[in-house]
Amino acid sequence: MDPVIWFFALGVFAGLARSDLRIPPAIYDLLSMLLLLTIGLKGGVELARAPMAGILPQAAAVVAMGFTLPLLLYPIARKLGRFERADAASLVAHYGSVSVATFAVGVAFLADKNVSADSQLPLFLVLLEVPAIVVGVMLARRNQAAGQWGRLLHEVFLGKSIVLLVGGLLIGWLAGPIGIRPLEPLFFDLFKGVLALFLLEMGLIAASQTKAVRQSSLFIIAFGLMVPVPLALIGALLGWAIGLSVGGTTLLAVLAGSASYIAAPAAIRIAVPEANPSLSLTASLGVTFPFNIFIGIPIYYHIATVIHGGVG
Amino acid sequence: MDPVIWFFALGVFAGLARSDLRIPPAIYDLLSMLLLLTIGLKGGVELARAPMAGILPQAAAVVAMGFTLPLLLYPIARKLGRFERADAASLVAHYGSVSVATFAVGVAFLADKNVSADSQLPLFLVLLEVPAIVVGVMLARRNQAAGQWGRLLHEVFLGKSIVLLVGGLLIGWLAGPIGIRPLEPLFFDLFKGVLALFLLEMGLIAASQTKAVRQSSLFIIAFGLMVPVPLALIGALLGWAIGLSVGGTTLLAVLAGSASYIAAPAAIRIAVPEANPSLSLTASLGVTFPFNIFIGIPIYYHIATVIHGGVG
Amino acid sequence: MDPVIWFFALGVFAGLARSDLRIPPAIYDLLSMLLLLTIGLKGGVELARAPMAGILPQAAAVVAMGFTLPLLLYPIARKLGRFERADAASLVAHYGSVSVATFAVGVAFLADKNVSADSQLPLFLVLLEVPAIVVGVMLARRNQAAGQWGRLLHEVFLGKSIVLLVGGLLIGWLAGPIGIRPLEPLFFDLFKGVLALFLLEMGLIAASQTKAVRQSSLFIIAFGLMVPVPLALIGALLGWAIGLSVGGTTLLAVLAGSASYIAAPAAIRIAVPEANPSLSLTASLGVTFPFNIFIGIPIYYHIATVIHGGVG
Amino acid sequence: MSSGNRKLVTIITEAIIETELCADIEELGASGFTVSNARGSGSRGIRNAGWSASSSIRIEVVCGEAIAASIARHVSDKYYDNYAMILFESDIKVIRADKFT
Amino acid sequence: MSSGNRKLVTIITEAIIETELCADIEELGASGFTVSNARGSGSRGIRNAGWSASSSIRIEVVCGEAIAASIARHVSDKYYDNYAMILFESDIKVIRADKFT
Amino acid sequence: MSSGNRKLVTIITEAIIETELCADIEELGASGFTVSNARGSGSRGIRNAGWSASSSIRIEVVCGEAIAASIARHVSDKYYDNYAMILFESDIKVIRADKFT
């Protein structure tokens, strides 16, 4: 198993054992900033190499998936979970949106296996962050005042994660493979180490959710465990359909199967404040994130190889 | 254009668009500490290689320039700007002193062009930080109590930027090119990446100055735009006169044309508290810093090559 | 002299000269986290290579030394120092336990000399942290309530330094020399640079202790200066006896001769609150730490070579 | 040194609404405010700064009685039900009292 | 908007006892507490956050008179002699007073 | 547990004068002080901790009435005109009151 995953486990252990290990918030901010910029820059450099021609229709398909997934999940949350409208909308916004850390673990997983991925994936990561949140808010309040919408879109599109990802993409694209070289030691060479420290903190956070997980309804746990694989399957099929490689297909599956715990909670907290934030967070952070990095990603890779006829 | 400049632009954009992107103060401190130590160490290692003989008269000339520049600017600020004595003194202290970040961008600019610079430039950076502040304070209060002077000199000479620069110089000089090797991965290889993150924060700060820029008098903006090139020309001529290479001449021009926004504001805030701090800061940070990194540095390099007969 | 030591000197100078140089607490936490993980990972990777067979009896001998050293020191603190029981117990807990930063400087010292050390030393570092604290607490209160003991052991074994060291050891051991490669740029290549910044902060802290040192009894200063070498001698003899190499013997001497200033103060503060914390801290941080990194470590290396017959 | 009696309004709440809440406070006529970071526990669970998305802030406003009352009213109407929040008021004496409306 | 009079208990002490002290406060019946980081100087010397092992915290508790008294008593008995600490109390008016015991 | 009435003096000002101001406070006879970081907005514009040169601090001093008055007077004379600053005072009850002059 990739050693970065052990850092997550170490964080979970330290958290459960009530160690005094803490990552200061400023360091957490630094680590997440580095991860976001790295993913953006890497994607931008690759995009500079690739022909932009075929990407537009692919991007449209990916955005369409971003709008569709939460709509598929909403009846489940309402009917099976018996959630109020606000809570159900919040939950599907989280699962329709994506997790940057899960994506980063996926990237590291492929690198370990020497599988290369299409260059447009970081772009798709950006594109998938927003639609599900918009759908979630629309489900929660159909007659939202226009002013609120402005604020929400501002919050989402100018949230730091999108600014850093898109900024990194643009800078990487402008700089190209040669211009980026002086930045490689910080952003590329340290990537795995930074991811390891970040996952250590994620482990501590996930451990702090265990009480919430234990107190939460069985439905939330079941949802967090059982929704990722079908979502990822949809992502993998779409990846195959739009002509991505095995690596790209795996990463699109990872994106589809992952749940947001940074952008979505912040946006929903502002747009749908009556939703209980701990419900969605417990599921996405306490259940789905660990599931994905330990079990999900290898499965999604397997699915991608099977779809591409790689097995048999 | 060097990709680190795009990070500045990204910061400005995020700030103007009121993104929630922030660099925690602790990270800002870490980044500036790394930059200062890197510049010092690099200079120290070079000095260890170079003969110290010729440097003393050069240093004297540079210090003399540091005392002269603010005196040249003072009448402009008083007569054209119609500033009170305290405000005029504060302004010229800022412009006579130097900006480490602008210097770092200049270093990166030359590295991109494969132009090497004389090893004593980091030393000159240190030497230029102080004289203008002393002149500024003398202009503001000719009958300053002696006790205050003690405190001011302490503040300036033992301010963290000088301590780290001079400390780095000494350590680099003591360690020499071989002894420094184990420190290179952190201080030298990461330099450009650290500078990129630092400029991202500088962009956020510059954006936060726009309201102040818009509210400030036209004079302040004109001053911030039109003073750097003449100052840099003086620096370039001096560099040429004391026998620096094209790279060294460029960097001395950069130093002369840059305005302080760390050491000078802190020192002036303590020694001349009745000066309005936002006037000088608006000019140096909101106008001159962006001007220099986008437009000024290439001009100064051009000036240096022309003076050295490099064109034609 | 190794340039990292100069960073310590720079910190001491800045602190004594009352410069405004500060390392933000969040950065201090980041640096110490990186050091602890690096030492753990490095040890773990080495352990993965080595046969585990012979280590168990060695470890037992090292733990026995950890229990013995504080008992040897206790009469000195009580009789010569005329300390109250609580203060004497606190002091010997600090000196029986170990200092990670001193160990890191020792590792860097050996690397400079191209002397390799046995792979189990990081493990011994972990093993030596605890016993002296237990002995110290037992000396202070023989009839400690059981509940308090539980809390104390929790505090010590799950304190962040042990969690990170042991976690790093395990991850390094699981990953092995090849799996660890992607983590090397952050954890191994930056080691010396990180250590330099950490020592800069240690210098600032040591300088802040000078007032306490000057106010403290002569006994505390003498204790801090004269105890390390005999302790280190015991460590070196043990290292030789259990068959360590010259490098390993040096490092075991460093561990024995060093005094804790992170784990022990925290644990003793909770278990023996009536002890005056500044007594032990002044000695370990203000006297012994500087003594060891400037003078002690070269001596211990010399002792190790002599014992191994390396001289003559 | 003119000094006079004013109210100190303290609000402890979620960091995510800092921008909006501070804008509201200025709109209600306060001459300023001070923000610092905090963590804590209350009726709506533990809030730990360790994870930025759930950290808390403490906002303090020095103002006259009328504005204090309108802040309390407005803030509690707009935010109290959906956000972790407490609000309290105490009596203080400020110097240069004239600058606090 | 129900509002009522309560006590604000402020404790400034060593960061190292944060976990234990907060547990005590909850046990004594307080409905919550707020913690922030601080540094300072007092009868037991300078405490600077620059070195984590000796940084300070400020804990604030909003509660009724009875609990305030019992916190003051308990805390001062258990910690005052061995840890750098000060504790003080002031009168405040809280909104939604019913949630503070 | 001896307890008694004292004043809590709170100063919110620019971080750059922390060292000097704290020295002044000790000189005026206070037995201690507590400092924490803050940000804010007032008559002299927004002060954001994001950029260290313009961050704020909050200083709190527990002391008797006489010292409180002399701190207020001294601080407002020496700093108020040139630095962003507010200062206010409130009544508190401290335990171990004897240690606060």
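Couple of notes before you dig in:
Every chain is named by a letter (A, B, C, D, E and F) in the order it is written, and numbering of its residues begins at 1.
Just so it is clear, a residue touches a chain if its C-beta (ideal position, glycine included) is under 8 Å from a C-beta of that chain, and two chains touch if they have at least 3 such contacts.
Bear in mind the structure is a predicted one, so any value in this text is a computation, not a measurement.
Path length between chain B and chain C in the chain contact graph, taken as the least number of steps between touching chains: 1. Contact with chain B and chain F alike is made by no chain in this entry.
Ranking all chains by how far their C-alpha centres lie from the centre of chain B, first place goes to E.
Set side by side, C-E and A-C show the greater C-beta contact count at A-C. Homomeric contact chain D/chain F: same residue numbering on both sides for under half of the interface positions.
Among the other chains, the CA centroid farthest from that of chain C is the one of D.
Put simply, the C-alpha centre of chain A and that of chain D have 35 angstrom between them.
For the pair chain C and chain D, the distance between mean C-alpha positions equals 46 Å.
Rounded to a whole number, the gap between the C-alpha centres of chain E and chain F is 19 angstrom.
Separation between the centroids of chain A and chain E, computed from CA atoms only, is 40 Å. Residue numbers of chain F whose C-beta contacts span two or more other chains: 36-37, 90-91.
Each of residues 22-27, 29-30, 185 in chain B touches at least two other chains. Remark: the chains found to touch one another pair up as A-B, A-C, A-D, B-C, B-F, C-E, D-E, D-F, E-F.
Listed in rising order, the residues of chain F touching chain D in the complex are 10, 12, 36-43, 56, 58, 72-73, 76-77, 80, 86-91.
For chain B in complex with chain F, the touching residues are 22-25, 28-29, 201, 204-205, 208, 261-262, 265-266, 269-270, 273-274, 278. The residues of chain D lying in touch with chain F in their complex are 1, 3, 6, 8, 22, 26, 31-37, 62, 90-96, 99.
Those residues of chain C that touch chain B in the shared complex are 1-4, 6-7, 10, 13-14, 17-27, 30, 108, 111-112, 185, 189-194, 196-197. Residue ranges on chain A touching chain B, taken from their complex, read 24-27, 29-30, 33, 154-155, 158-160, 163-164, 167, 170-171, 174-175, 179-180, 182-183, 185-187.
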